[in-house]
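Each of the next two complexes has chain A plus one more chain, namely chain B in the first and chain C in the second.
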Partner chain A sequence: MSDLLRVESLTKHFAVQQTALGSRLGGHVMAVDDVSFTVKEGETLGLVGESGCGKSTTGRCIIRLTEPTSGSIFYEDRNIRELRGKDLKAFRRQAQFIFQDPYASLNPRMTIGEIVSEPLVIHQEGTRFEQQARAKELLDVVGLNPEHINRYPHEFSGGQRQRIGIARALALNPKLLICDEPVSALDVSIQAQVLNLLGELQHDFGLTYVFIAHDLSVVQHISDRIAVMYLGKLVEISDWKALYAKPHHPYTQSLLSAVPLPDPKQQRARERIILEGDPPSPIDPPSGCRFHTRCPIAKDICSAEEPKLREVAPGHSAACHFAALNPVPIGIARPAEFTPIVG
Partner chain B sequence: MKDYRSGMPSTPPFQPDEQHAGHENRTLWGDAWNRLRKNRLAVIALMWLVIVTAAAISADFWVPQVFGSPTVFSTSGAAELRLKPPTLAHPMGTDDVGRDLFARVIYGSRISLTVGVLAVVVSLVIGLILGSLSAFYGGILDAFIMRIADIFLAFPYILFAILLLSVLPDNLRGITPVFLTIGILGWPSIARVFRSSVLSVKENDYVEAGRALGASDIRLMLRHILPNAVAPIIVYGTMSVGGAILTEAALSFLGLGLPPGSPSWGGMIQDGRIYLTSSPGVVLWPGLAILSTVLAFTLLGDGIRDALDVKMKD
Partner chain C sequence: MAGELLKVDDLKMHFHTRDGVVKAVDGVSYTLNPGETLGVVGESGSGKSVTALTMMRLIPMPPGKIEGGEVLFKGESMLTMKEEQVRDIRGNRIAMIFQDPMTSLNPVYRIGHQIAEPLITHKGMSKKEAHARAVELLEMVGIPNAASRARDYPHQFSGGMRQRAMIAMALSCDPDVLIADEPTTALDVTIQAQILELMQALQKRTGTAIIMITHDLGVVADIANNILVMYAGRAVEYGSTDQVFYEPSHPYTWGLMDSLPTHDLTEKSTLCPIEGQPPSLLNVPSGCPFNPRCPYVKEECRTTVPELRDLGDGHLSACLFAADPDFKRSAADCAGVTR
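This part shows the complex of A and B:
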């Protein structure tokens, strides 16, 4: 499979304070700092990290909702940062976004028929009648009753609203979907339904996903590969099985140790790695390795020199000075064959 | 479909909830109207405004025939007709030159309502455009527009209006300069209210979703932001009509509004001021007309605010 998306040295800094006349005071938030990865056609890349690590900003940069400070994003070998006018509109047909909050992502003054067919209206596809028919078809695809086309979003529950958001994203037959924590605002039982729906849609329509989440137990369901971010940096990226079996970066290890295991014996036997303190401020990130202030195995070199992302095994890279020495973490017992918990 | 990552059950068929059955196609505006109908004060205010408007529109067909012209007065036998107390023929009495007060109050509602509504329309057109540009694009444009608004707000309102109207040549006096002046002076408040409302609405994900779909700025503004940001403006605009009527009355009282002799409520109070002790009706009736109409607009605006507040949902 070829690369559908290639992100190279993506960097986004936000100015902290802006005065009325546009001059800038204070520092910059290093939301995303020199992040590179690729996404193959038809696969799902899980993008994981705690709040404020820049994973959503990365997703928004990919579909040009946020302008990056520097770096390049190639979609089918075209740099999307250079797209203007017609080309940008054409790219919008290819890449769509699913939002985290289903209560904020649907316009309360539009019927769900209008919401789902809006992409067709914007891109002038078909007659009104055809748009209406397509909207009904899409509602059916995401498991909603097409007869509800004239209802308003406030008449639906969170899970139903998220399905409407998915239907809207699918309207133009995109290839790439950026899912920004699409289930974190939903009940656990509804989460499983929506995750399964996303899986089925990927299978049926050959979609490529960038799946953003703060919860490794959610991404493990859907991801082929997983990228872990910490404070604007990519710290580890790998095939999901390898990442769960042998996490190299101490941050990934601590994240994995927080995922509850279904077997209580294993859960009790496991040693949890509890990180101390809060993540440092992204306005003034720590020197060297950004994780060294909370890392259980940090040495002198970690505060002096920034570790580069390097390959520790085929298709598995980590940004840690001790990555190769630290392959199997203490106390993380992962079952060799993983079975889903939800569903 | 079923072989997608074994172990995951396929999506169960979705059960639509039927709790909204019978409320098919309920819109948010429809909900607001239902809430407004339950507010007794607002309904009374609305009915009063409908009566006043109906009287103003239909005045030509019955008022002059029954009560006499509001402007023309006969010179013959004027003395007997001057400053009469209310009778059946003249339910509010007559003024100092024998014109029927009821006719003048009815015709005065034409002027007051026209000036009030058109002044607010002028404010709305300027205020909505500048307020939305300011909030939508931000940056230097925002700073520029808001500083101009600040300059307007720094002037004493009535003094500014007096200045604008007093430089106007006499042959141009009429309704148009009055509502234009009031409207132009009223835009900064509308722009500010709308700007803050747009600022909060444009942060919503559905605006971002529209942008991600490739919607143009105009579409985002008209389809997504405006319908969700307009509620405070409806309230503010309704109340502003009352304020504009008051300003027109004040300007007419000061002799700067409409030409002398035209039946404007403020002008009638000015004309009747000297007879206040002997025939208080000359001042009282137009005063009551101003009071009731302005109060009705304020109460209606209040009711609309409550009706549009989703948190007060029944």
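This part shows the complex of A and C:
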């Protein structure tokens, strides 16, 4: 499989406005800082991290809903940052977005037929009659009753609305779907329905997903490869199995060990790494490794030098000075002594 | 254990609205013993929070109306007691923390002042004593530089710290029961782990009983002794944590467990969602409320309302067939997708 998407040194800084009271804050929020990864055709890349780590901003930059500060994004070997006008519109047929909040992302004054066929109208695809027929077909694909085409969003439940959002994203037969927390607003039983639907659609239409979520068990379920972000940086990327079995970065390890397992015996048996404190502000991130202020194994080098993302096993990279040393299984306390790898 | 602390018996809270009667809570029973943790799980609209609010007499009536049942706190009825007596219990003997600490803290008062308030009201402390105690409490919940942070306003705290402050406030009067309504839902997972650990450590120290209301089965697996599963305003299953997780005996509980992405993070699992949508509480199906979504539904389920029945060892289930040894969860019924 070839790379459908290649993100190179993606950076997005938001300027902080002066406040209304006239105090000068200045500075920049380093939302995404030098992030690189690739997504192969037909695979699902999971993007995980806590709030404020830059995962949504990364997703939005990929389809240029947000203009990156620097870096390149290649889609089928074309840098989409250079696309203008017609070319950009053509790219957007290929790449679509599913939003987190199924209440805020559907216009309450449009019928679901209008919502689902709007991409077809914008891209002047077919006659009105054909658009209507396509909308019905799409509703059927996502498991909604095509008869309900003239209803309004408020007549649907959260899970059904998310299906409408998915139908809209599929309208133009895209290849790439950026899913930004598509199931986090849903109850578990409905969440499972939507996850299964996304799995089926990928299988039927050969879709490629970038799946953004904070729930590690959801990401594990749907992803082929997973990228972990912390405070605007990519800290670890690997295929899902290696990431869960052998996490190398201490942040990934503590993140995994913090997830409460829905299995009381396992939960009681394991030891957990509880991180101290809160994530620092992305306006003034810590020097060196951004995780060093909360890291249980931080050494002097961590605050002085920024660790590069390096390969620790085939297809598995981590950005930690100590990464290649003997990864520790989830939830087991780490040995006391570590020596940094020089170079 | 030495007598039950809290007993809820067939509690019913209905809301009379223009559109009809919303049966938000329609027959919930459980008991809570001193020092134990009860996990209440269920999806949105299953009546988990309304049950707690009804107990605390925090539901405005009308539109709410208690249609039956009883809540006994140390043998006294919470539902018939005078408002002054309830006020003496609320925040003092039974305290609550909520999902969103920003909306439950008052933005215009300093944190220390807000924690001191219940101490002045319930314990008759002077302002000075109460403030000193507030600082101690902030230290106890792990806020660094507690003395100076007590002078901060809520917006100066992060989400995790606000929830810690809420816990400090709730525990200020050394309550017998702490009701925690989705206390970690708005928090990141590493912060959630901190808060859960804090609650467990404090429980060990103070012996407070906890009612943990949540939709996250992982959270209850972590901290609960007993679990109550709710669906459409009713209790459908009750038992010890191990009973509910390892011998679930209601098809809804089976469905919940099978909807979870995974029990083991190193193995891909199959998801078997529950088909359909939860019912509208305006129009709950007749018979068993779960019958339209239940893959094992039989004719009786549509007509007979199942009672919560004991299967032995204090494990209760509100399924007509739960006691039938041949009635088992079958994996073959799952139409899920394996990836």
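Quick notes
The working rule: the second predicted complex is superposed on the first by the 318 of 343 C-alpha atoms of A that agree within 3 Å, B and C clash if a C-alpha of one lies under 4 Å from a C-alpha of the other, contacts with A are read in each partner's own complex, and residues count from 1 in each chain.
As a convention for this text, contacts are C-beta pairs under 8 Å (C-beta built on N, C-alpha and C of every residue); 3 or more make two chains touch, one makes a residue touch a chain.
These figures come from a predicted structure and were not determined experimentally.
Looking at the shared chain after the overlay, A:Val32 reaches neither chain B nor chain C. Of the two partner chains placed by superposition, only chain C is touched by A:Gln220; chain B is not.
Contacts of A:Leu207 after superposition: neither chain B nor chain C is touched. Residue contacts after overlaying the shared chain place A:Glu118 against chain B, while chain C stays out of touching range. Once the two complexes are overlaid on the shared chain, A:Ser157 sits against chain B and chain C alike. In the superposed model, A:Ile274 makes contact with chain C only, not with chain B.
In the superposed model, A:Ala167 makes contact with neither chain B nor chain C.
Shared-chain residue A:Phe97: touches chain B; no touch with chain C. By the touch criterion defined above, A:Ile73 lies against neither chain B nor chain C after alignment on the C-alpha atoms of chain A.
The interface of chain A with chain B overlaps its interface with chain C at residues 157, 160, 193, 196, 199-200, 203, 221.
Contacts from chain C toward chain A in the complex involve residues 43-44, 158, 160-161, 188-194, 196-197, 215-219, 221-222, 241-242, 245, 255-266, 268-269, 271-275, 277-278, 336-337, 339. On the chain B side of its complex with chain A, the touching residues are 1, 4-5, 7-14, 16-17, 20, 24-28, 139-140, 142-143, 204-206, 208-215, 219, 223-224, 227-228. Chain A makes touch with chain C in their complex at residues 50-51, 157, 159-160, 187-193, 195-196, 199-200, 203, 214-218, 220-222, 241, 244-245, 254-267, 272, 274-275, 278-279, 330.
Within the complex formed with chain B, the residues of chain A that make contact are 20-22, 63, 65, 88-89, 92-93, 96-97, 99-101, 104-110, 118-119, 122-123, 143-145, 148, 150-152, 154-155, 157, 160, 163, 165, 168, 172, 193, 196-197, 199-200, 202-204, 221, 339-340, 343.
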